[in-house]
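First chain A sits with chain B, and in the next complex the same chain sits with chain C.
The block that comes next holds the complex of A and B.
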């Protein structure tokens, strides 16, 4: 630049500044995207069927549908904050769906639900042991465990058992009270509050961020990194089990593919929410918005008659685009 | 005739000057030493000459022709082959695979090793081969390229004397065949025995080319020091205005840390004791065991032998956590090892508070804020960029690594080169802080690669050479000349 020219904000510089603001406050942008997407869906729906989409009922439905995804993405958020990824969340949820509906008839609802949660926690614990203690790459470990559980479930689903989705699970997964409030919010909201507050205001939350940011520094600060990872993966399994229970309540029956379509979206919701793929920064607030955005997007695609294949292509493309954007903004520092 | 001629070569990284302006001339058929204290710019110069990094200024000529060494492979093509300080091998590949990686003929390397009478199993994984043998493989690999100039950076530091002899034989052979060697070492005896000429670097400049045989070890040391001794003293007087050197210091205080015959890695049996209120310096050339010493004390590595005790209680840390619980905390030189770059100043400083399960519950924000604020104040940390520690300056980052331990409490501070790459003003703040901490009863073990810091900071200084303690000096007496002599194992004068 020659000496005489005054400093003008070039479009590129403005874009960078905007990127900086958005990368520091992703919630603003995400809320905007969520609302905009809702409006677009409304317009498309009016054009197609003459009906409005921007109604209290549709808003309520969006939250109802978003809950299982947001719970799968809750565990995923914790794991990705540590710099890992959990590819077993969907099969863990499926396991919980089978366990809760398969044991309720013989042993009662309470037993069934606890057992489902224990299975989720247990699968997460195995992931955690592999990743934290035996230092298996998280991708490999959770993919392997996912395959093992899916195989075991296939065998289990061929045995004779009386499947019964308890009424309370059914209500939680598919009904509303006060006309517009989905029951699954009663499960999701407290967990969400716990995670958001826990990440900020608990020692464990601090350690999750710390381990994702720099495990070597954690070790030198006296943190037993394996303890943090172990608990994170176990919690991820437990949250996935909760998601599975809601799903089986919504579908009123367990099947092997009940949670599979949510695997990629669970990662996408976290990435959309602004959590770093490399770990160390982000949070659950963004993930919630990510899950809501994906749910509306799903509605929009359904209205447009898009196939499942097209949806998968889109989710994949979103993750790649955001990963690319993230790499760009962080290398600009 | 001059084989290699470098003139006014310089390199800077942002505001940090790695090499100011260095000139070097190596004749054909010559073994030429490149000398200088830590940080004088030797390794930077070698990396520039071999295309690992690019120079910012100056010229390089080979046999009178200007050359641009744009990459290591280009350097190899024009006959410059380096052996670097750190082994350049992939640990999980076998020796043979490693050699193939660099497009060097495996049989040629095998032949070279056989000539040197070194026995290496080429099917072994490089990670399982002992360090001295790796150095010899590196050397053989460089020789297999049949270069005009071999550049050997600290190759003998990790070698036992019998292998070092073979390296010398190679150097002799190269000279006899009219080729040249550029030899970097801290061992002056080797320089005098082996080298025809030596170029001395100081603070990134060449300060003279001399004939080592004629001038002797002591004078070489003076060259490396330069007329700085006088300046350093003026410097000391200046800093003395701040209240350093507390009187309370060592006298009545009980022993805090007792180390007896500690052995690990290159550390070959070290004993010393450190008292509360005392700052004990550790001075050493590169690779004399100081890294291992600090790693063991900080619990990052397990001792292979010997004893450690803290206030009378035996300590065998298996994890840094154990050392921290006993009050031993580490401030490493590399801030990347200690910081959470994406997290805030506050989270960084508070991090060690939550290192155990019992502290994983809800945070007490008021208590945390109070402790963090007082640590920030004690260290005068500039918190304008506090949202992410990576946006802080190097000096402020280093302050954060110290502040963590102020906020979480400690008894013994292990400072490993805490002022590396930090500006002068911040350095003085850190010296003053260390003294204040000692006056308040902390014990401090202090390693530095800058010799001028020892008399400013320390009550006592130990010198480490070849994994053993070779001398002990009083803080005031630890001027650079005495330190350098003791650090080179020339102890007779120091003993008194």
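The block that comes next holds the complex of A and C.
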């Protein structure tokens, strides 16, 4: 059914057209879900404690909280667009948190931040080497790297205790300017713009989609698939490191579990945002909304006194339900 | 007629090249295990039946986890929820068995096995119905089971009757024969051997090696995949019960260790991640190899965390080599 023909649309056809628009632009539905969830949280909060949730401060807090998750999910989006998944984002972020707070005192803030980013990039590069060159299943490669990193971090945290979170990192991770604008937006927004524009307009961005869609065709067309994968995993590590720096700024201290609760949400945010798990379709815009939705959902569950266990079960169920939904809509076409 | 007879004759006569190709990897794993065992028994000052016993205790849950993972991988899937299903069965058994008599504990264990096979079947059904990739569904189930385990037991605790613990930590006939090892062999003989050469086992391999061809030759693909996950769930349940019997407590986070290590043991044991290749004998030996590497490192005075790092690195290297081997095989 082409766009020009239906002059007198039947209700069924109109419904189908609406479905089509929604599945082509998940951002519309997601924005609606985000706002609706905010209103529901507001109502629940009013009922529980008599205070409003729909305030400028809470909106700004939501963005403040969402930034680390959205940055972890940024790398995850790129990796999932190529048809992989990165389960080492949380430990990479933890590494960056430890490195940036552990070396700032002796070597200065700039050095510490650069070193943290280099560590993130390096860990991502190792993932990339395994996946791109040795063709290890991404899941197993990243899970293995995350277990190795966690072991190394445990040793590091036992031997070194001097930890100082630089002031600028603290400010970036937890403060706001103009009363309502979180400083971490200054980090998140440029990266988000870079990813969204890069995916759409750069050759590398198009190659990411192409590799995810059909790696064999890509190889036959002369794309060096392994180079694309290598860079994508390395970038994912670097973005995770940025998230780790923001997290340590927010928490004011690094600990081994600082980023672990964000691992599943980072995958969930990408899936909610409409990026296909099989790779090849999606984008970062949806992921941002996914991260915002999960942050509000987390607030709502906290207000409702839900345990960590219940949250985990719920996140698992959400991923499953949405993956199922997206699988149905894409196979129906 | 004569060609058929010749075919039968050819099948009867052992072909060394074919045998080497089919069983070379498994034999290699057993040789590796033997070498490690020989090295291991030289390290402690008074190496004896006690060391054998503790190795069996350490390796038993991983061996079951490796069997669970292998069955699923052979059928062409992968199960990331193995570890957290183990945690769930572990905390369930430890929480409720603590005040039970031995007989009731055994019956409850049996009930948990049925439950965990049903949980596996549930995961498999979700995969078949939703047509979402195995990895995503089992990743989601990983968090569902882990959340449930955390809901049942927030902190490590619980226990089991002494006679039940003896099943995992005791010995039969002689102190050199750990009961855990015998139970492992029994489970292998009861749950796997009869299937391996019967219809369900063959269906498992055919679906794993080529799903379309299996479908065209009349194999119930959906049914077989669900069956694989159910059997995997059963073995994961055994791993969970073994974990409570060997450790004596329930720990909601205990299963994490088995997610990656079960895959590693399967791959090291000759089960190719593409599916349809391998058996369960190799992964069982591989589980002992993986455990032994860590035991040896710790005996050598290496810090526990360093041992984890080294073990993880070795696993990655093994999987990398396995990946290269698949590429080589595909090229020839």
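Going forward, the second predicted complex is superposed on the first by the 313 of 333 C-alpha atoms of A that agree within 3 Å, B and C clash if a C-alpha of one lies under 4 Å from a C-alpha of the other, contacts with A are read in each partner's own complex, and residues count from 1 in each chain.
Everything below uses one rule, namely that a contact is a pair of C-beta atoms (placed from the backbone, for glycine too) under 8 Å apart; a residue touches a chain by one contact, two chains touch by 3 or more.
If you're wondering where the values come from, they're calculated on a predicted model, not measured in any experiment.
In the superposition on chain A, contact is made by A:152 with chain C only, not with chain B. Counting the residues of chain A touched by each of chain B and chain C gives the higher count for C. Of the two partner chains placed by superposition, A:52 touches none, neither chain B nor chain C.
By the touch criterion defined above, A:224 lies against chain B but remains apart from chain C after alignment on the C-alpha atoms of chain A. Legend: residue contacts after superposition of the two complexes on their common chain; A:320 is shown touching chain C, with no touch to chain B. Contacts of A:194 after superposition on the shared chain: neither chain B nor chain C is touched. Shared-chain residue A:18: touches no atom of chain B or chain C. Interface of chain A with chain C (complex): residues 85, 130, 134-137, 139-141, 143-145, 147-148, 150-152, 154-155, 158, 264, 267, 271, 277-278, 307-317, 319-320, 323-324, 327, 331. Within the complex, the chain C residues that touch chain A are 78, 80, 126, 130-133, 135-137, 139-144, 146-151, 154, 259-260, 263-264, 273, 303, 305-306, 308-309, 312-313, 315-316, 319-320, 323-324, 326-327.
Of all residues in chain A, those touching chain B in their complex are 24, 201-204, 206-207, 209-210, 213-214, 216-224, 227, 276, 280-281, 333.
Chain B contributes residues 298, 300, 319-321, 323-325, 330, 332, 336-343, 347, 350-357, 359-363, 365, 387, 390-391, 404 to its touches with chain A in the complex.
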